[in-house]
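Quick one: the structure is below, questions incoming.
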Amino acid sequence: ATLDDVKARGKLNCGTNTGLVGFAAPDANGDWQGFDVAVCRAVAAAVLGDSSAVEFVPTTGKTRFTALASGEIDMLVRNTTWTFSRDVDLKFTFVGVNYYDGQGFMVPKALGVSSAKELDGATVCIQTGTTTELNLADFFRVNNISYEPVPIETNEQAQQQYLAGACDVYTTDASGLAATRATFEDPSAHVVLPEIISKEPLGPLVRHGDDEWADIVRWTLNALIAAEEYGVTSANIDELTATVTTNPEVNRLLGTEGALGGMLGLSPDWAVKAIKAGGNYGELFEKYIGQNTPIGLARGLNAQWTDGGLMYAPPFR
Amino acid sequence: MSDPVIDPSRPAVSEEVAIDILGMNKWYGAFHVLRDINLTIYKGERIVVCGPSGSGKSTLIRCINRLEDHQAGRIVVEGIELTSDLKHIDQVRSEVGMVFQQFNLFPHLTILENCTLAPIWVRKVPRREAVDIAMSYLEKVRIPEQANKYPGQLSGGQQQRVAIARALCMRPNIMLFDEPTSALDPEMIKEVLDTMIALAEEGMTMICVTHEMGFARQVANRVIFMDQGQIVEQNAPEAFFNAPRSDRTRLFLSQILGH
Amino acid sequence: MTSHPDLPRETFRLRMLIFDTRYRSLTIQIVTLAGFMLLVSWMISNTVQNLAELGKPIEFGFLGNQAQYDINQTLIAYTSRDTHLRAAVVGLLNTLLVAFLGCALATVMGVTIGVLRLSRNWLVARLMTVYVELFRNVPVLLWILFFMAILIESLPPPNAFRGEDATASMLLGDSVALTNRGFYIPEPLFSRSLGDLSVFGAFEISLDLVAFLAVLAAGLWVSARIRARADRIQNRTGLRPTTWYLRLGVVVLPLLILLAALGFHLGYPELRGFNFRGGIYMRNSLIALWLALSFYTAAFIAEIVRGGILAISKGQTEAAAALGLRPNRIMSLVILPQALRVIIPPLISQYLNLTKNSSLAIAVGYMDITGTLGGITMGQTGRELECVLLMMLFYLAISLVISTAMNWYDARVRLVER
Amino acid sequence: MSDAPSHDTAFVRDAMLPPAPAPASSAGPLGWLRRNLFSSWLNAALTLLSLALVAWLLAAVLPWIVHSSWTVSSLSECRAQIKEAYGPEASGACWAVIRERWAQLIFGFYPSELYWRPILAFGIALGGMAPVLFPGVPRKVLYLSVAAPFLVPWLLWGGTVWLPVAVALGFVLGCAAFRLVTPFGGAILGTIAAALVPVMWWFWLAGPASAQLQAVLPLGIEPVSSRSFGGFMLSVTIGVTAITLSLPFGILLALGRQSRMLIVKSICVGVIEFVRGVPLITLLFVAWLLLNYFMPPDTNFDIVLRVIIMVTLFASAYVAEVIRGGLAALPRGQYEAADALGLDYWKAQRLIIMPQALKISIPGIVSTFIGVFKDTTLVSIIGLLDPVGFSNSIRADVNWNGIVWELYGFIAALFFVFCFSMSRYSMYLERRLRTEHR
Amino acid sequence: MSDPVIDPSRPAVSEEVAIDILGMNKWYGAFHVLRDINLTIYKGERIVVCGPSGSGKSTLIRCINRLEDHQAGRIVVEGIELTSDLKHIDQVRSEVGMVFQQFNLFPHLTILENCTLAPIWVRKVPRREAVDIAMSYLEKVRIPEQANKYPGQLSGGQQQRVAIARALCMRPNIMLFDEPTSALDPEMIKEVLDTMIALAEEGMTMICVTHEMGFARQVANRVIFMDQGQIVEQNAPEAFFNAPRSDRTRLFLSQILGH
């Protein structure tokens, strides 16, 4: 089983992007950083107790599924959209959603476009190997307008072409658009159009057929989300673990009550380690892609359900 | 040394000038290859040029059909002065045939095509006629049966004879030979020299760079000895071989005839 | 010679399989074959087992499914509702297109550079050396990325052509627009077009093009006849009639007449909406790939051409000159026929390399076969084995065709030796 | 003399003429200019055109290179600094990104405190190749050549010292098997045994054996997984390993292709033509996507290893063709003389044929290596972080998002220096081969 | 023709058979190269084989150490029948030394290494001993001082002598020579022939394809004349040269001795 393999190996093999601003990129020291990367680290911390026991495997849009299917990686966190055919036909298990996204369009303000429906005849840059290509084809066909697709291999090249005016529009997941826009010399000269033409729930996925492993990844992610909901942060977690709190849900999450960890085949404080690895979901969000980062994404759909968002961790019981 | 073999049928030399070289100088970059060459060659003369390696023999005869240009002095061939005028160069080249040490046959053409190429494209001779001429010269060099083979299929001696025939097909008035036998095996040398002797007997004006002294004695009217880009000595062959006047000539002859 | 004491037929013993030269090679071959078959069948059975475990048995049915993605550069009609198979064919044609364009440009450039490298002009020769060394010592992938970046960064976007204060303008009397999306050039249009011919209901071929090619072929044939006649006259009289204007005329005039009859006119690109409309649109990706492959391959071709010309010794030129041949005749009668024999075989293998290198199209998003079949189709359907297999087959077929051509040429022109 | 020439041309030169200086038109700097740059109108025009081209290129590129910034830590700071230093219109290179990331571009994620290991490893590899590449290297260096194939991977990947020892033992076992079997089984059985025994050893016993030894006597250095390989080091590792490994396979394929045995020959021809007929990128797809399918379920090779396998296969086919050329250049007499002396096939190959054929082939092999080395950039397409791949990752860093030319320029320069010196070297080798007595 | 030069010291021939060829036939494809060859050679015999080009001389001696295989008939060398059995072939080859027209020295090995290679790898002689043997044979062929040079540095005659030494180092009982002198310049021919004569005087069984008739007269016990793949005539040299019995032999001898 995957869990045993990972434990035997002492390392978690985690597939990520070869580079996507805010979500995965190596820093000057060669350490991978980003929102997706943090999920990997949390799982590694939960399973192995060490958030740095991760082997990051950069994958491209083309190679990611094979890497997972062939066992090259144990899990894939690479802004991958949860779709029917990937779940059913390609035989993967999506264990949750760490970012609710949707495909959007970015255009230079100077173009004077205010709606995607006005893009008839425009040249559109898209990253290949993703669902965006299919969404885009559908959107324009349905609206009966024409466009000129410019398929591009990496986000960086897309950005370069867009900035030089080689395409009028850049389309990708709205998060990506925001992240890209944030690094422009003059971000205010570009607008993200209101239309979100697709649902893009992005989340970690594992292979079919190993439910124990899927559970571990699923509940690690849920633990991060739940922790935010209950106010468990990396700052106060030591305190909360030391003294049994009044909230039994928190206690069960932190392993001070019940034996949830044991059921997963992990240590009782698995969730504590996962949360300590980088913080709870909200903390991670703020650290890598939130309002105070250059990327500056608002929580939006990704706020807790209590704040009107979609982040909703099932109960820990 | 035995007496020189003088061919009694050696034809007489006319009064007309074939080639006139006057105060000619040539440099390769800063290197002075030919120094103040003065030479008059009459129609029907057979000149043998010899001298140590690097003395400028090849350069001299290559200047005569302007494969090299000279920087000072004059060269007049058959009344045409060699300047950088293309017309003159063309005229001179079609009057002067040349045979190289390395044969330089065209390997992608048959022997016959090698021989008819220039008559057809330069002299504008009808093909049939060109073939007839070529065959007559190939017969003269005694290899008509090879006409449809390719150069690669012939021995060195045969190739050199084809090269001679090819030059003759242009019906030149003057023939230049640049060490025609030095790339050949001994038994082949003879067949080529025989061909050249036959040519000499017909009264062709010839300038031949060679170290075959037997040939020189037999056919030359005049032997020219060059060293360091200069004509050091020239004389009739018997006088040249028996009583060389310059020290350099003597030294050279002793080396050449030594073995 | 009637009878000889022949060897008594030895009875077969097992050790003869190894020690007897007659059976030995048989043994070796059988062992090799068995080993090879074992290896192959082992791999096949592993594959089958692995794929069965994944629930992805090998089948090609997916090619019939809707592709669902758009392709910008197509030589045949294609929409996102067409099948994966058709998308693959679009990619295949795109590969052939860029390979053809690349080979043509690379040849022209390579020959020019190779010849210039031999130039007596010191500066030109040095510059060409720098060119050759620079291009062949840097990976072609980098060149492709470079060229793409240069096109994107250095040319104006279409909207720079717009408005009163336009910063860019079209060239050649407003007929050509060089933008950082690609080049727009005038397209031929026919007001009395013959329409299209549908082949098997799958492809449309323009009848105008067919007519054009037919007339061109006829013109070339007549021109060849005129040349043959000139040859005959030369053989007979020794004088070659000047025929170039006649030959040019029989090729060009009928074409002009045909074009006039079809109502030929040029459609100029003009800026409408976001982009230029009309005209032929050559996209950046195609141009970058084309230029990069050509510039890269040209460096190799230049070396081949230089080598070929150098291989024809100086003696050949001198011998021809000494016969009184003019330089252009020396070139056409003596140097070229020989140099071509040396040049063409390696040249053809450079063409093959260029075709194979065109698979790097994905780096700039040109939709060749690796972009469609080996890219989006493979990504969307997850049929890696089938897609890679088909791609390999396609490239193998190309290289087979090319190497057959090369062998044929080789056999035809080999110099006769002793 | 009956037919003495009617012109008395006899002549003797008494004093030799000294060489005169050449006229200005053919010597001196003026002569050089005239001859080399302005010998005709066409040439003069070409010269001027070239000069204009060079000037234009330099004018476009030089200011950018010079107006540069070396010290900042992000692209926006860099732009600000350049504007400040060279005026608002100036655009310049942000070489700072190279300063910050050059180590990554060269070593990838390799732990920085272990950089000495790849450096040493490539030093050893170079030393090991010295006897082939340079004349007059002392014989002792051959020991290094033998040790290098085991030492270099060990240094690069680290781990227990027993693994390379166990692998080396495989070769010893192969030789032993050959020695043992040949006397009674003949060369064929000997060869089969020599091939099978080490393969079985490597597959089933080498791993456990080295683990046992490690348990008994732990000797090793810190292991580094091939995931950490990246940048230029990855290119060199793939290139060097592939070429080294491709030599034995290339030799076998070439011999097979030369063989008179139809089946052996057709298998070899098939393999060679297949590999040469498809683009490397499809083989890399195979490495990434399919190689694991070909292996028994649950085997999992490292991706770098899989890429090395496929690139080796690729290089083998090209090396085989080069060696075939070398073999074809050997006169038949060499084979016959070896036969007449009683040498068997393998001994003749090893002692007589291969030393000569390989020597002739070295320039070709070096060229193949250059090609393979350049082609290693394609691994970026399957997501490995070679220099090109890494440049994308660097641009995914918020600080350096949007930087292009500096990275490409640096990578191109690295490759150029490496490939250019190699190609010069192979030309030198070719010249040496031509002049050496054979 | 003068009397044959018979060396008084020419060693006697033993009764033992060295090579026995019986009704041997060989075809190249459909071309019948060797036709019904019957030949018995005794220990210590020196056989010279001659005949026009293409008559199958080379093929015959190449069959004797199985560089070529025969299709019918038997060849027995030193009691070992040449069949397709590898063991036998190996045995025969180490009994039979061969010297080729083109020397075929190994250019990448020094002279000494050329000579020690086969003893070390085939005979499994210790290196030191092999070197001693090699040096003794190199001395015999009078070039011990060249031992550490490479073949490319030697003249043709020296190379051929090394080739002989190399073959001798295997201590063969029989030596085959295939036109050992025909690729050599005249002055070198003599040094090689001298070496071979010395060898003959020691009583080595030798079969030598050569057109050096002086050599044949001086050392051969028997001269064999081949034509069209058949043995046309064989005889002691004096009889062979002075009184050839077949017309073909006479024709051949007149051509060969003509010049």
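List of remarks:
Order of writing sets the chain letters: A, B, C, D and E. Residues in each chain are counted from 1.
The criterion applied here is as follows: a contact is a pair of C-beta atoms (placed from the backbone, for glycine too) under 8 Å apart; a residue touches a chain by one contact, two chains touch by 3 or more.
What you see is a predicted model, and the numbers here were worked out from it, not measured in a lab.
Contact with both chain C and chain D is made by A, B, E. Contact with both chain D and chain E is made by C.
Each step here moves to a touching chain, and the least such steps from chain C to chain E number 1.
Central chain by Cα centroid: D, whose mean Cα position is closest to the mean of all protein Cα atoms.
In this assembly, the chain whose C-alpha centre lies farthest from chain D is B.
When the CA atoms of chain B are superposed on chain E, the rotation angle comes to 160 degrees (nearest 5).
Among the remaining chains, the Cα-based centre furthest from that of chain E is the centre of A.
Centre-to-centre spacing of chain A and chain B amounts to 88 Å, using the average Cα coordinate of each chain. Between the CA-based centres of chain A and chain D the separation comes to 40 Å, rounded to the whole angstrom.
In terms of their C-alpha centroids, the spacing between chain A and chain E amounts to 84 Å.
With centres defined as mean CA coordinates, chain C is found 50 Å away from chain B. Looking at chain C, residues 19, 24, 149, 153, 362-363, 384 sit in touch with two or more other chains. Multi-chain contact residues, meaning those touching two or more other chains, do not occur anywhere in chain B. For chain D, residues that reach two or more other chains under the stated contact definition are 186, 289, 292-293, 381, 404. A list of each chain pair in contact follows: A-C, A-D, B-C, B-D, C-D, C-E, D-E.
Here chain E touches chain C in the complex through residues 22-25, 35-36, 69, 72-74, 83-87, 89, going by the rule given at the top. Contact residues on chain B toward chain D in their complex (touch as defined above): 6, 8, 10-13, 15, 25, 27, 29-32, 35-36, 40, 42, 45, 71-72, 221-222, 227-236, 238-239, 245-246. Residues of chain B that touch chain C in their complex: 65, 67, 90, 93-94, 96-98, 100, 102, 104-108, 117-118, 120-130, 149-150, 152-154, 163, 166-167, 170.
Remark: chain D residues 76, 79, 100-101, 104, 108-109, 112, 225, 227, 288-289, 292-293, 298, 300, 303, 381-385, 389, 392-398, 401-402, 404 touch chain A in the complex. Residue ranges on chain D touching chain E, taken from their complex, read 186, 331, 333-334, 336-337, 339-344, 347, 351-352, 355-356, 359, 436-438.
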